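Each chain carries a letter (A, B, C, D, E, F, G and H) given by its place in the written order, and its residues are counted from 1.
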Amino acid sequence: MNRPFIIDYDRRQRLGFDEVIYGESKSINLLLGLLAEYVNRNQNVLITRVQHKKGKALLKKHHSAFFDKESGIFMLKPLEGNDEVKRVGIISAGSSDIGVANEAYYTLTYMGIGAEIIQDVGVAGLHRLLDRIEDLRTYDILIVVAGFEGALPTVVGGLLPQPIIAVPTSVGYGTAKNGKTALHAMLTSCSNGITVVNIDNGYGAAMSAFRMLNLKK
Amino acid sequence: MNRPFIIDYDRRQRLGFDEVIYGESKSINLLLGLLAEYVNRNQNVLITRVQHKKGKALLKKHHSAFFDKESGIFMLKPLEGNDEVKRVGIISAGSSDIGVANEAYYTLTYMGIGAEIIQDVGVAGLHRLLDRIEDLRTYDILIVVAGFEGALPTVVGGLLPQPIIAVPTSVGYGTAKNGKTALHAMLTSCSNGITVVNIDNGYGAAMSAFRMLNLKK
Amino acid sequence: MNRPFIIDYDRRQRLGFDEVIYGESKSINLLLGLLAEYVNRNQNVLITRVQHKKGKALLKKHHSAFFDKESGIFMLKPLEGNDEVKRVGIISAGSSDIGVANEAYYTLTYMGIGAEIIQDVGVAGLHRLLDRIEDLRTYDILIVVAGFEGALPTVVGGLLPQPIIAVPTSVGYGTAKNGKTALHAMLTSCSNGITVVNIDNGYGAAMSAFRMLNLKK
Amino acid sequence: MNRPFIIDYDRRQRLGFDEVIYGESKSINLLLGLLAEYVNRNQNVLITRVQHKKGKALLKKHHSAFFDKESGIFMLKPLEGNDEVKRVGIISAGSSDIGVANEAYYTLTYMGIGAEIIQDVGVAGLHRLLDRIEDLRTYDILIVVAGFEGALPTVVGGLLPQPIIAVPTSVGYGTAKNGKTALHAMLTSCSNGITVVNIDNGYGAAMSAFRMLNLKK
Amino acid sequence: MNRPFIIDYDRRQRLGFDEVIYGESKSINLLLGLLAEYVNRNQNVLITRVQHKKGKALLKKHHSAFFDKESGIFMLKPLEGNDEVKRVGIISAGSSDIGVANEAYYTLTYMGIGAEIIQDVGVAGLHRLLDRIEDLRTYDILIVVAGFEGALPTVVGGLLPQPIIAVPTSVGYGTAKNGKTALHAMLTSCSNGITVVNIDNGYGAAMSAFRMLNLKK
Amino acid sequence: MNRPFIIDYDRRQRLGFDEVIYGESKSINLLLGLLAEYVNRNQNVLITRVQHKKGKALLKKHHSAFFDKESGIFMLKPLEGNDEVKRVGIISAGSSDIGVANEAYYTLTYMGIGAEIIQDVGVAGLHRLLDRIEDLRTYDILIVVAGFEGALPTVVGGLLPQPIIAVPTSVGYGTAKNGKTALHAMLTSCSNGITVVNIDNGYGAAMSAFRMLNLKK
Amino acid sequence: MNRPFIIDYDRRQRLGFDEVIYGESKSINLLLGLLAEYVNRNQNVLITRVQHKKGKALLKKHHSAFFDKESGIFMLKPLEGNDEVKRVGIISAGSSDIGVANEAYYTLTYMGIGAEIIQDVGVAGLHRLLDRIEDLRTYDILIVVAGFEGALPTVVGGLLPQPIIAVPTSVGYGTAKNGKTALHAMLTSCSNGITVVNIDNGYGAAMSAFRMLNLKK
Amino acid sequence: MNRPFIIDYDRRQRLGFDEVIYGESKSINLLLGLLAEYVNRNQNVLITRVQHKKGKALLKKHHSAFFDKESGIFMLKPLEGNDEVKRVGIISAGSSDIGVANEAYYTLTYMGIGAEIIQDVGVAGLHRLLDRIEDLRTYDILIVVAGFEGALPTVVGGLLPQPIIAVPTSVGYGTAKNGKTALHAMLTSCSNGITVVNIDNGYGAAMSAFRMLNLKK
């Protein structure tokens, strides 16, 4: 009963972007079939949450494709430098959140939006963040990634006026496990006007930024 | 040990907006003291979550002030028509969510942003929503308010390309109680690029819209 | 202390169907013993939730048996085309839910009920669903399978008048993990008269449909 | 910003039944306005979850209307005996669940379906249930209402072949509080083919039965 | 910093039974050291929750010891027939709960108490239980083991007058996962006077029975 | 649809005790009707969880009845001294748990079992407990009532050999709210052979003790 | 069965402080009885969580006593200035947390320890906190009180080296409700060496500080 | 996008201690890079939560380093005997908690603080604890580690006057799983002045002790 995947070709017309494939629960065979279809149409495609083994299998067939093992992002055609202005700053406290930050970064790249990752500006060493405030003020939008107690978006939101998209991550143990604490902390932030996406959802944060940047056009 | 409230006067400089007072857990006396200070400075001020009884007490002292009992919004000076363009559409499924929709509406008005509430476009009667799609396309930003199963932002997000701020409400019973189900449904939406704020947080949705609209400047 | 499994032979008389074996926590040896008993009696039997390795071991002994690795369904005798009318439509948003959809499909087949799977009609691409409404109206019963935010049964329930059995799946991450969000969303649906079964319980959905179809007799 | 309620008049065409009003979060004034509109059109209407005080206020204006204070059901025109065959049996363990049982009963009556409530057949006194098995076999559909540990639908489902709609109630204390335990017990029933609706949702159970009974036509 | 385990030798004097070793989180080396000490003193000892691999390693050193891989029970000296009267009946619905039932059975054996396991008397096939009621009446105490919706102790408690120790198990999926549903259902049973132990805690059930049987002396 | 309550008169034959009425969700009128029936038959009856106002209303009609406002226990005929031997000791940490302790105490009295309440032996002042150990050893059964962190049954279970029935209470705030913490602590006690009943369920503890004391006969 | 409260007079010898009375679930009569006993012994006593009405009733009998309605703290003898050095700084974000801050303040006063409350230094206006860092460095211990997302202790812990006792409060709505989010955020703080007490437990924070200050002696 | 880790070199100046590396989610390569930097500066460094395989890989490159596989603690330079006075007593109930106890022990050693682990003083065998009370009184601070029902800190806190840092562990099964029960029990302890850290957070307990011991200087 395993029917072929039907691609939603008119999504671009409706929403301004193509359908993106959620790779986590799809088999290698199904993904290879889908990729073949995109190759035939000479279109690029983005697949998210591709596990390490599956990514390596896809690369074997598609040598020039791009795969980032930290985030599981797979693209048929790697994209580079298509927007010289860095519009979105992706802030995170440390290397533990790199997978989620990369998912946001590469999704933005795929959408043609310049972005930059700013690491190691966590709340425990506040001066590192304060030293970079003027720098951070230059981005149109800030994506703030944090696990554990998830305090970083609250602090950033109290200091800077841009749209802030908070991404809780499932980094931590004990009561931090699964990212629920960071998620709830971000939703109840005492800073005004912060919006939140699902736990570990770097992709969703990037798509939100894409919707917001349409306001500049 | 009940010290006076110290107003954060330089927030406007930092973030572009004044401090807003969270009224829910403040006494009538404390609120009257704060209002007196704003009257002296001839400034307007917004207070959120003012309970019905407290709102009536404040109105007795400040006859020309504005108080909306559905949402608990209190403003020293009512604002009208200061932006003729309706930039933000506030969509909700029905009259049960009116308190949260109004909180967003009046906060936007206070921030000088034109807004409009579109009621009765719920998922159970989908055609009413589909009939208004072209209408809804004209707003810069959509705030989508929903209780129960919280499906409305997902449907709207699949049909329209703007930034979508989803607001779960605590309307419902059984497993819908407290708004947790609507919140989680919005966070895990299969539509791309939806952002979420806390349960019943119409104020936060408005402030997010405010941050996003800066991108147009 | 591992006593033999006693088969409930008079269940058919009481309820109109035979006992079905829950395979997940039974050993290969125990299952082989049970199958031998059914072979002796020349009866068919359905086993659910047979893990991949166990399914392959059972097939080695019973070459003509049927095993679906997506759903873990095992039947001694494969059944085909025993009801030409397709009475039950099984709707799902995509290939990630295929295991649960198949569990419902093969259970219905085993019960002698014609069914069909309709994939890729998710909420994020609503027009694909709207295009098929007249088609969907032809089934007696609709089983609607969905993970993530679980909005699909709500939308279908607002458009179509048949009995709707909603099946939440454990597909998703973050707050969608384990299917709790989809379950709660379906239980609190603003569409009227939707019933729900346990997370990932395609088998239960099929058995409910079986009970309902007795009403036609 | 409190706009008038727009009635979904074409729901009957789409789904075979009229829109029902959820009364819990609507004010007396709003409800009176809605009732006036139905009186003008000389149509009956069903309002659910009307609190005691609000129900009495509505009765003052509409003397011939019907209001059941146990369930909060309000109907403009009381309906009696419009179906002499009792198609749906509503089973409950005791008088504590009467509100939910009545909500199902009166909704069915409003939909023109004959129903009957069978009380005091709980699991703790199993013989009372066993004594009535042949009686219960005569209904087309069984709605089984239970709080506390929610075992009744499981026992009924193992004894009788009809469609079974389980309704968990929020009756109980400690770990039974809010009905979550009964809900989860019903969802994980070891009896086959039981479907479940939200906690205390007698209305939803009745609407599910309505959808199922269409199969008889 | 891994200090030796100090045995609580005077527990027998205080409570009437020796200390039992919780094996789950202890290494093979630590367990072998402990066993050596008991061999030296020529005493028997019970170790619970010994994983399969660890159990096989212990058996290599202690050939005459007893190990049950279903429950993880390990005893230096196997015990047989030390009480001809079967005082405790251990009831379960099926072979999925065998590990927990065996843990109770072997612990009782170790404590010198005769016990018997009665399988396949679940709620879905009620007549199998009703057929054995007179049989079950002969035990002093009933331990009732159940996963999924956990209804069995409620039914047994409504039919039989003995002390009933309910043991929820982590068998099931969806909302049954981890045994929480069965636990809560047992705690909120509408049958009177049922007591409950932790999820999967066959050992605790046996020890409770041991304490109760002192009342007969 | 409010049918009369049908009394389960043969429960005594089956289980050795009469049906007890759960008063919490029954109206004064329903309870008065039930009491009249018992007066006619010249039988005593126990009603649990009678709220203060309802208890006073019942007393007005039944002057010689007994009502304890702490626990909500109501009995038609007060019972005194019907068992001179105090078989059950009810231990609690302080006056906050008195309602639950009394519910157990009066239920035991009604069942004809001598009992005694021992207050102020909490874990925070351990010496008060240690001073009374020999005293506590004289009871057949110990019911241990505790809120907050629920440590008392664990300590008692490590010191004394009798059957121990742990009753968590909903006393406390923060993470102790609703008694969940005490319940879980008692279920996971490192002391052996403790059984647990639902939160605040003094009645259930007494009924368990009743079942256990049958072993002495 | 309401026995008198037995005072734990030798607690001072064991732990260095007297027993404190938890007032929340004690009746006015019971509290008056206890107070009389302390008056007789000419001793001071601290009662926590005394509700407003009960506090006023106690004051009527004890005119010179002290009662703070924000926190519910009651003391027979008000204490003032018994330690000129302010050893403990109690930091909070705003007037919403005043009840919890006062509970800590008055408990410390009762224990003879100088303390000070520093309000309005929340995370949303970070500069107000940064401006006072040198000031805050002068306290031996910092008690940090916060509701909503509970980020304040994390920020303070990254800036200052003293022992930090974090107190989550139940201030907030939506996912902040009941203080669980603030509690979990504090437990998973990325700042090192922060300890936490129960939600709203200003009393516990003060007692922890008391234990720590013994290290200075 | 994997940028280098930036070390927070001035943390010592601010807080009195160096940055510690959280090893759990960092790759071997990243950790080796960091260690090389510390070797160059001839500084010691502490890494926590290093999994077994990763620890062995690090030891291969750094032969003289220290790695404890129970706790996952890694230090470039092992430290011994740098404080002859044992200031902190680390109490635990048994060998199951050894990983967490060791994490606290080695962190204290790294900070230059003498510590000692006291095992096998659990609540189930209370006399073993009571026998050592005078011994335990000699430590400045007590870290109390416990899983299951987490009662140990409550008992210790009622007997001894020092600062008590309670550490819940994730040891146990059923309702004890993940350490939530022990955590909540410790937070709601009826003993006064106990502080708590995150589940399994031996490191955090040690750092809290470090902050407290500054009070002695």
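Everything below uses one rule, namely that a contact is a pair of C-beta atoms (placed from the backbone, for glycine too) under 8 Å apart; a residue touches a chain by one contact, two chains touch by 3 or more.
Note that the coordinates shown come from a computational prediction; the quantities given were computed from them, not determined experimentally.
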* **Chains in simultaneous contact with subunit B and subunit F** => D, G
* Find out how few touching-chain steps suffice to connect subunit C with subunit F. => 2
* Structure fact -> The pair out of B-C and F-G sharing more C-beta contacts is B-C
* When the centre of a chain is set as the mean of its C-alpha atoms, what distance in Å lies between subunit B and subunit D? -> 35
* Asked: Taking each chain's centre as the mean of its CA atoms, how far is subunit A from subunit G in angstrom?
  -> 43
* Computed distance of Cα centres, subunit H from subunit C, in Å -> 49
* Structure fact -> Shared-interface residues of subunit G (touching two or more other chains) are 124-125, 158-159, 174-176, 180, 183, 187-188, 192, 198-199
* **Each pair of chains that touches, named by its two labels** => A-B, A-C, A-G, A-H, B-C, B-D, B-G, C-D, C-E, D-E, D-F, E-F, E-H, F-G, F-H, G-H
* For the complex, which residues does subunit F have touching subunit E? -> 14-17, 20, 140-141, 158-165, 183, 187-188, 192-199, 203-204, 206-216
* Structure fact -> Touching subunit C in the complex, subunit E uses residues 68, 70, 94-96, 98, 101-102, 105, 117, 119-120, 124-125, 127-128, 171, 173-177
* Within the complex, which stretch of subunit C touches subunit B? -> 93, 122-126, 148-151, 154-155, 157-159, 172, 174-176, 180-181, 183-192
* Structure fact -> Note: in the complex, subunit F contacts subunit D through residues 1-3, 5-6, 8, 10-11, 19, 22, 24-26, 30, 49, 168, 170, 178-180, 183, 198-201
